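The letters A, B, C and D name the chains in turn, as written, and every chain counts its residues from 1.
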Amino acid sequence: ELPPRQKAATPEGTILTTVENDQIRPDEEYVMVTTAISMPMYVNHDQAAFKRWGQKMGVKTAILGPSEWDVPAQIETIEQVIASRPAGLLINGTDPGIAQAINKAVAAGIPTVVYDSDVPNSKRHAFLGTDWYQIGLMQGEEMVRLTGGQGKIAYMGILGLTNMEAGFQGLLDVLKKYPKMQVVGKYDDKANVELAAKITSDVLAAHPDLAGICGFDSNSGPGIALAVKEAGKAGKVKITTVDWEPEHLQLVKDGVIQMLAGQKRELFTWYGAQFLFDMVHRTNRLSSNDAASGITNVPTTINTGLLRITKENVDQFLKK
Amino acid sequence: MRKLFQDRVTSLSITILLICLLASLIFPKNFPTFENLSQVLLNLSIDTIVAVGMMLLLIAGMFDLSVGSVVAFSGGLAANLMFFHQVPVPVAILAGLLSAILIGWVNGYLIAYQGVNPMIQTLAMLGIVRGGALLVAGANIQNLPYWFNAIGQARLLGIQMPVWYMLLTVAVFSVLVNRTVFFRRYYYIGGNEKAAELSGILVKRMKLYAFVLSATLAGIAGILLASRLGAAMSTLGRGLELRVITAVILGGASLQGGVGKIPGALLGALFMGLVANIMIIARISGLWQDIILGIILIAAVWLDLYLQKQSRGNSKI
Amino acid sequence: MRKLFQDRVTSLSITILLICLLASLIFPKNFPTFENLSQVLLNLSIDTIVAVGMMLLLIAGMFDLSVGSVVAFSGGLAANLMFFHQVPVPVAILAGLLSAILIGWVNGYLIAYQGVNPMIQTLAMLGIVRGGALLVAGANIQNLPYWFNAIGQARLLGIQMPVWYMLLTVAVFSVLVNRTVFFRRYYYIGGNEKAAELSGILVKRMKLYAFVLSATLAGIAGILLASRLGAAMSTLGRGLELRVITAVILGGASLQGGVGKIPGALLGALFMGLVANIMIIARISGLWQDIILGIILIAAVWLDLYLQKQSRGNSKI
Amino acid sequence: MVLQLQEISKYFPGVKALEAVSFDLQPGEVHALCGENGAGKSTLMNILTGNLQPDAGTILLHGQPTRINGPAHAAELGIAIVYQQLSLTDALSVAENIFANQQPRNAWGFIQYAKLYGQTRALLQDLQIDYIQPKQLVADLSPAEKQMVEIAKALAKKPRILLLDEPTASITARETKTLFTLIKNLKKEGKSIIYISHRLPEIFEIADRVSVLKDGHYQGTQPIAAVTPENLIRLMVGRDLLGHDQASGATNQELLRVVNLAGPGFANLNFTLHKGEILGLAGLIGAGRSEMAQTLFGYLPRQQGQVFINGQEVFIHHPAEAIAAGMGYVPEERKSQGLFLDRTITENVVAANLAAAAPSGYFDFRIAQTLALEYKEKLQIATPHVQQVVRNLSGGNQQKVVLAKWLLTNPEVLLVDEPTHGIDVGAKSEIYQLLRQLATAGKGILLISSELPELLALADRILVIRQGTIRGELPGCQTTEEEIMALASW
C-alpha cells in the first residue's frame, strides 16, 4: 500500500470534534507537542501561557514531547497523540521535517496549529510565530549600530537547525552590506552554556580586537557573556543575542549584553490555543461547513513580531 | 517457572506483557488499539535496527558510539544526491549505504588492527560524521522523490513498512546469530578474546566485520528514517547511541561482552518504547518524564536481578 | 627515551608541550599569552574536577554517566536555598554537596550491592537528577549572594579561583591515589575484581565509596560553576559526562579498569581544551571543528599506540 | 587443636560439593588433603577463607566456634591461602600484588614504597626466586612465576594457618624443592599447613597426616606412615588404577620438522617429530618452552625459520592456519588462554571446531551437546550436565574441558603444554592413556611438562630446553630425573 502522492498544501479532512459554540465537552483536551520540553525558556513562556489559557477556558491541556532536542522523537510523540484524538494540536515548528506528522494529524481531522517557526510544506491550519530571518536581521542591524559598521564579528548557535540557519542568513545578509564588517567565524555551541563560554574565550584569544558576538540560542547569551566578563571585556565586545530569560535580562542590565532579540512566546501559545478552540467551536463561521469548503476560520499566518530589549527598557521586563 | 528468570529474553517478555496488560486496563480506550500499538512499533523500528548491530558488538565485547551520526549521514548523503544531483533513487541509497560501510570499516580497522580505544575511536567518529552530516544535509533537505519516500511510508497490512523491515532484521539476525558458525564466534570473542584467538578464530577480522555490519545497519536505519520523514536533517539520530545501548543492555547484553541475544535488542527497545508511549497516554509531561523513566528503568533491572537471585537460590559468586 | 612512551601521562605531557610549542610558533601573538592560557585552564577546570572522580571510577573498572546532571543539581539546589529561602551561603553549599553525596550513594549502593548494571543505573540517574535540577532551578536563579559568587569569581595571582581548586584537587588526589592503601585498592578492583576480593579488599564497599566520591566532586564542580556564572541553570553540565570520560580515557584510563593515573585526567582535558583553542585561533570554524577534533583525537591515540609499540620492541603481548 | 571442622556441608545447584565433612588440624603439622577432581577440596578451602559460607556445620578455630566472613576476616584470623585459581592483578607490580591491601605504610597512612620493594625483595630471596623483580608487572610473568608470586603473597601475611591448593601444579622441581624447605621451616615455627596436591610423591615427602575426600564425603584421616600410595589411590578413586605402561608406537616417519625456528625468547630451534611419537620438552621455569609452542601454533610472531608438516612447508601466521594445517594446542594457562569461563561446557568443547556442530551448515545445538556429552564420558568430566557453566567446574575438570576442545579438532600434531595441570591421579592416568592412544593412532605429540615423572612415563624422546635453546636430547625410557635436571639447570 503506497503513500499518497504529495498534493498542494491545503488542509484536508473534516474536523471531527466540532462542538457547538461555548459548550465545553468534559473530555475536550488540547495537546501541545514540542521538543526539548524541559528547556526553561519553553517552560516559562510557551508552556506557562498555554496552561494559563487552559485554566481560563476550563479545558484540559497537556504538554508532551522529548526532554532533549530531538525532532524525530517530537514527530513520534505527535503520531502517538493523534491516536488519542485530542480536540486540538499545538505544535512547535522545530523543523520542516515534521510536516509529515502534521499532515497526519490534519488528515485525522484534528485542528492543528504550528507556532514559533512555520512548517511551510505542511497542511497546518494556522501558524503563529516569528520569522527567524528577521531575528538575524535585527541582530545584524544592531551590531552594525553598536560597532559603527566596522570590526570583526563572530556568531554561534546550534548548527543544522533550520530556524537558526535562517537566522544566520539574516545576520549575514545585513553584514554583507558593510564591507568593513568582517565575519570571523560561525560556531556550534550545541545549546550549552559551558561550550558557548569556551568558544567565546577561544575566539577572544584568536581575535583580541573582536568587535562583537551574536548568539542564536537560549544558552548562547549567558555563555558568551560569562567569557567576555571573565576576559575583562564587558561592554567593549558587543553582544547581541536572543531570548529574554532572567539571566539574559540581568546581563543587559549589567551592560554585558547590549541587545536581546526577544520573541513574544506567550502570544504563540495563547493565541494558538485560542485558534484551536475557535476551530473546534466554530466561533466564527464563514460558510455552512468550513471544513467541507476547505477553509479555516482562523488566520492562516500570524507574525507576532519581535521585542527589542536594551539597557533602556530592560527594567520594565525585569519588573514583570 | 524458576528457569524463566534466568534468561533476560523471557523475563523481559513477561515484563512487557504485564505492562501491556496493566496499560490496557488503565487506558482501555487509548492503549490497546491497533493504531496506537502499530505506532509504538513504528517509532522504535529505527532504533531497533541499529540495536541489532549494537547487540552483536556488545556480544563481542565492543560498542559503537558513532551510529547516531551514521544514521544522519547516510540519509543525508542519499537525500543530497537525489535532491541536488538528481541521482536515481537506488543509486543514492547505495551511496548512502556505502558511506556507512566505509565508516564502519574505518572504525573497525583502527580498533581491531591498530588497537585504538573503541570509546575514543567511535566518539571521535561520532563528531566527524556529525560534521559530515551537516555538510551533506545542511539544515534540512525536503521534497525527496516519491519512490524514496514510499520506502518508509508505504504500508503493508495497515502497518508502515519500517516495522516490517525491523521485524525482518531481528528475525534474520536472530537465526544467523543463533545458527551460523560465523556469528557464533562473537560469543567466544566476547567471552575470552585470547582463548578465542587460540581457538583459531580470526578475532581481528571478525571485529572489523562487526563494526562494518553495525554501521551498515545504522546506514539502513538512516535511509529508512529519511524516507519515513520525507526529509533529511543533520540532527537526526542525536543521542540515539546511548538510547540504543541502553535498550540493548536492558535486553540482556553486558559491556563486558559474551552475553546477549538478538531478540533482546527488540525487547529492550520495546520496553522503553512502551514506557514512553504510556507516559504520553497518561499525559505525563516535562521533567517528570525523565524522572519516571529513570525510576522505571532502575526498577525493571533491579526486579530482574531480584528474580534471578531468587530462582538461582542463595548461592554466592 | 623508550620508557617514556609506555606511560600515558608522560607521553601525553610531551604531546601537549609539543602542541603548545608549535602553536606558540605559529600564533605567537594569540596563543602563548597569559590571558589565553589562563582562560583555557579556567574553561577546563570544572570538567577536570569531575574528571578526577571519573578517573578513579575508571581505575576501578566503572564509570558514572550521571555526573553532568549532578553538576546542575548541586549548584541549583544551593542557589535555590540561598535565593528563595535565604539560607546562609555555607549551609546552602553544604546542602548542595550532601545532595550530591546522596546521589552517589544511591548509584553506588544499587550498583555495588544490588548488582544493577552501571550503565543503566547511571544513565537512569542522569535523567532523574536532570529532572530534579529542573525542579530546583527551573527558572534559572540569578542574583546569588556576593560571597557565593566570590568563590568562583575571585582571583589569585591573576588567575580565577576554579583553576586553583582544580590544581588542588588533581594534586591531592594524585598523592592519595598514588600513596595511600585506601585508594590503591581501586587498582586491584579494576584489575581483577575477584582477586581483589580474595585479597581481602571489601570490593562492594570500595565501589560504593568511589561513586560517592565521584558524585561529591561533581557536586563541588556544580557549586563552582554556579558561582562562576553567578547563576544556576538547569541545563548546566549537559553532555559533560561523555566529554569527561573521553578526557579520562585519553589520559590513560581504560573502560576495562585497572589502569590510569589521576594527572591523566587533567592532561586529557588539557589536550582537548588546547586543541579546541588552537582550532579557533587558527580560524577553523563551525562544523569543521568537530571533524578536525575527531581526527586529531584518533591521530593522537594512534600515535601513542605506535610509539608504545616501537618502544616495546616487536614483542606481542 | 588449631582448627576443627565439624560436619561441614556445602551444596551447589545439582552438586553436593561437601557432605558432613569433619577434619582437624594440629599445630606444626602438614596435613595433606587428597581427592579426585571435583571432590570438594577447593570448596573446603573457600569455606576456610570465608569466600563461601557452609550450608551446615561449624568451624572451631583454637577451640572457638568461628564464622569466617570473608578473605579479609580470614587474614585477620591468621589464615592465608595459595589459591588454585590465581588471585593476582596483572596490571600491578609483583610487590604490590604480594602486599595487596597490606602495603607497609607510615603513620599518615601513606605507602612506603622503598620499604615495600625492600620487603618484597627479601621475600623473593627467601623463596629463591629473586630473578623476579619486585617492580616487574605480573602481566609479564610466566604462569609458573605467577604461581611463585602467589605463594609469596600468602607467606607475606605471616599466617598461622597456611592453605596450599595445588601450589606445585605449574612449577618445576627446583621451585618445588624451595617450597618444601619453606614448609619445613614454617612447621618448625609451629605453623599449620593444609596441603592439596594431585602429586602423590609430594604428599609422601612432606605430609604428616593425610585426609581423603571423595565426592564431597570425608573418607578418613591417617598418619602418612600408615598409608601406601596404592591404598591412598584406592581411597580416592574407589578402585585400583590400571598400569599404564604401554609400548611406544613411535615410527620413523617424519610428521613435523622445525628448522632454525626463532621467536620471542628462543632461537635456533631444530627438531623432528615422528608419527606415533611423543616428544617431551623439559626445562625450568622461563626456559621458553611455551613460547616455542605458541610460535609454532602461530600465536606469537615467528622471527625466522621453517616448519614442515608431512614434508610440506607450512606458513602459519595465526592459530586458524595452524588448526587448518592439522595442529592443536592445549595452552598452559587454562583460565586465560583455554577457556570461556562464563560459557557452558558444550560451547567450550566445540569452540575450536564449530563446524563439527554444523554438519548442515547450520549450527545445531543438539549436535554440539551430543559431542560434549561424548567427551564428558570419555574424559569423565564430573558435572551434572554439559550445560553447566565452566566457571563452576573444579580445576581439574576445567582442564579436561580444554583437552576435549582440542581432541574434537582431531589434530595430526598436538602441542600440549602442561596437560595434566591440576588433574587427579585417576584422570591423569586416563589422560596418559589417551595421549598414548593418540600417538598409537599415528599422531605426533609435543609434550611440554614440568612434571618429570610425567615426561619419563610418556615421552619417547625428551628435549631439554634452557634459556631458549635445546641443550640436549635424552631417550625417554632410559633417562632419569637427575639427568634431565643436570641439563636443564647449570
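Please note the rule applied: a contact is a pair of C-beta atoms (placed from the backbone, for glycine too) under 8 Å apart; a residue touches a chain by one contact, two chains touch by 3 or more.
Please read these numbers as outputs of a predicted model, since none were measured by experiment.
*Asks:* Determine, using the mean of C-alpha atoms as each chain's centre, which chain is farthest from chain B.
*Replies:* Centre of mass proxy via C-alpha means gives D as farthest from chain B.
*Asks:* Starting from the mean Cα coordinates of chain A and chain C, work out the distance between those two points in Å.
*Replies:* Centres of chain A and chain C (C-alpha means) sit 34 Å apart.
*Asks:* Nearest whole angstrom, what separates the Cα centre of chain A from the Cα centre of chain B?
*Replies:* Once rounded, the distance between the two centres reads 31 Å.
*Asks:* Quick check: how many Å separate the C-alpha centres of chain A and chain D?
*Replies:* Comparing mean C-alpha positions, chain D is 70 Å from chain A.
*Asks:* Just how far, in Å, is the C-alpha centre of chain D from the one of chain B?
*Replies:* 43
*Asks:* For chain A, which residues are shared contacts with two or more other chains?
*Replies:* In chain A, the residues touching two or more other chains are 38, 43, 67, 159.
*Asks:* Specify, in ascending order, the residues of chain C that touch 2 or more different other chains.
*Replies:* Each of 127, 130-131, 134, 138, 287, 289-290 in chain C touches at least two other chains.
*Asks:* Residues of chain D touching 2+ other chains?
*Replies:* 51
*Asks:* Between the chains shown, work out who touches whom and classify the graph as line, ring, star, complete or other.
*Replies:* If you draw each chain as a dot and join those that touch, the picture is no line, ring, star or complete graph.
*Asks:* Which of the chains touch, listed as pairs?
*Replies:* A-B, A-C, B-C, B-D, C-D
*Asks:* Considering only the defined contacts, which chain D positions touch chain C in the complex?
*Replies:* Chain D residues touching chain C: 49, 51, 70-72, 74-75, 83, 86-92, 96, 100-103, 105, 109-111, 139, 153, 264, 300-301.
*Asks:* State the interface residues of chain C toward chain A in the complex, per the touch definition above.
*Replies:* 27, 30-31, 33, 35-36, 39-40, 42-43, 46, 127, 130-131, 134, 138-140, 142-143, 160, 225, 228-229, 231, 233-240, 273, 276-277, 279-283, 285-287, 289-290
*Asks:* Okay, in this complex, where on chain B does chain C touch?
*Replies:* 110, 114-117, 119-121, 123-128, 130-132, 134-135, 242, 245-246, 249-250, 254-255, 286-291, 293-295, 297-298, 301-302, 305
*Asks:* In the complex of these two chains, what residues of chain C are touching chain D?
*Replies:* So the residues of chain C touching chain D come out as 179-182, 184-185, 187-188, 190-192, 194-202, 258-259, 314-317.
*Asks:* Using the touch definition up top, name the residues of chain A that touch chain C in the complex.
*Replies:* Touch residues, chain A against chain C: 38-40, 43-44, 67, 159, 184-188, 190-194, 197-199, 201-208, 219, 222, 226-227, 230-231, 245-247, 250.
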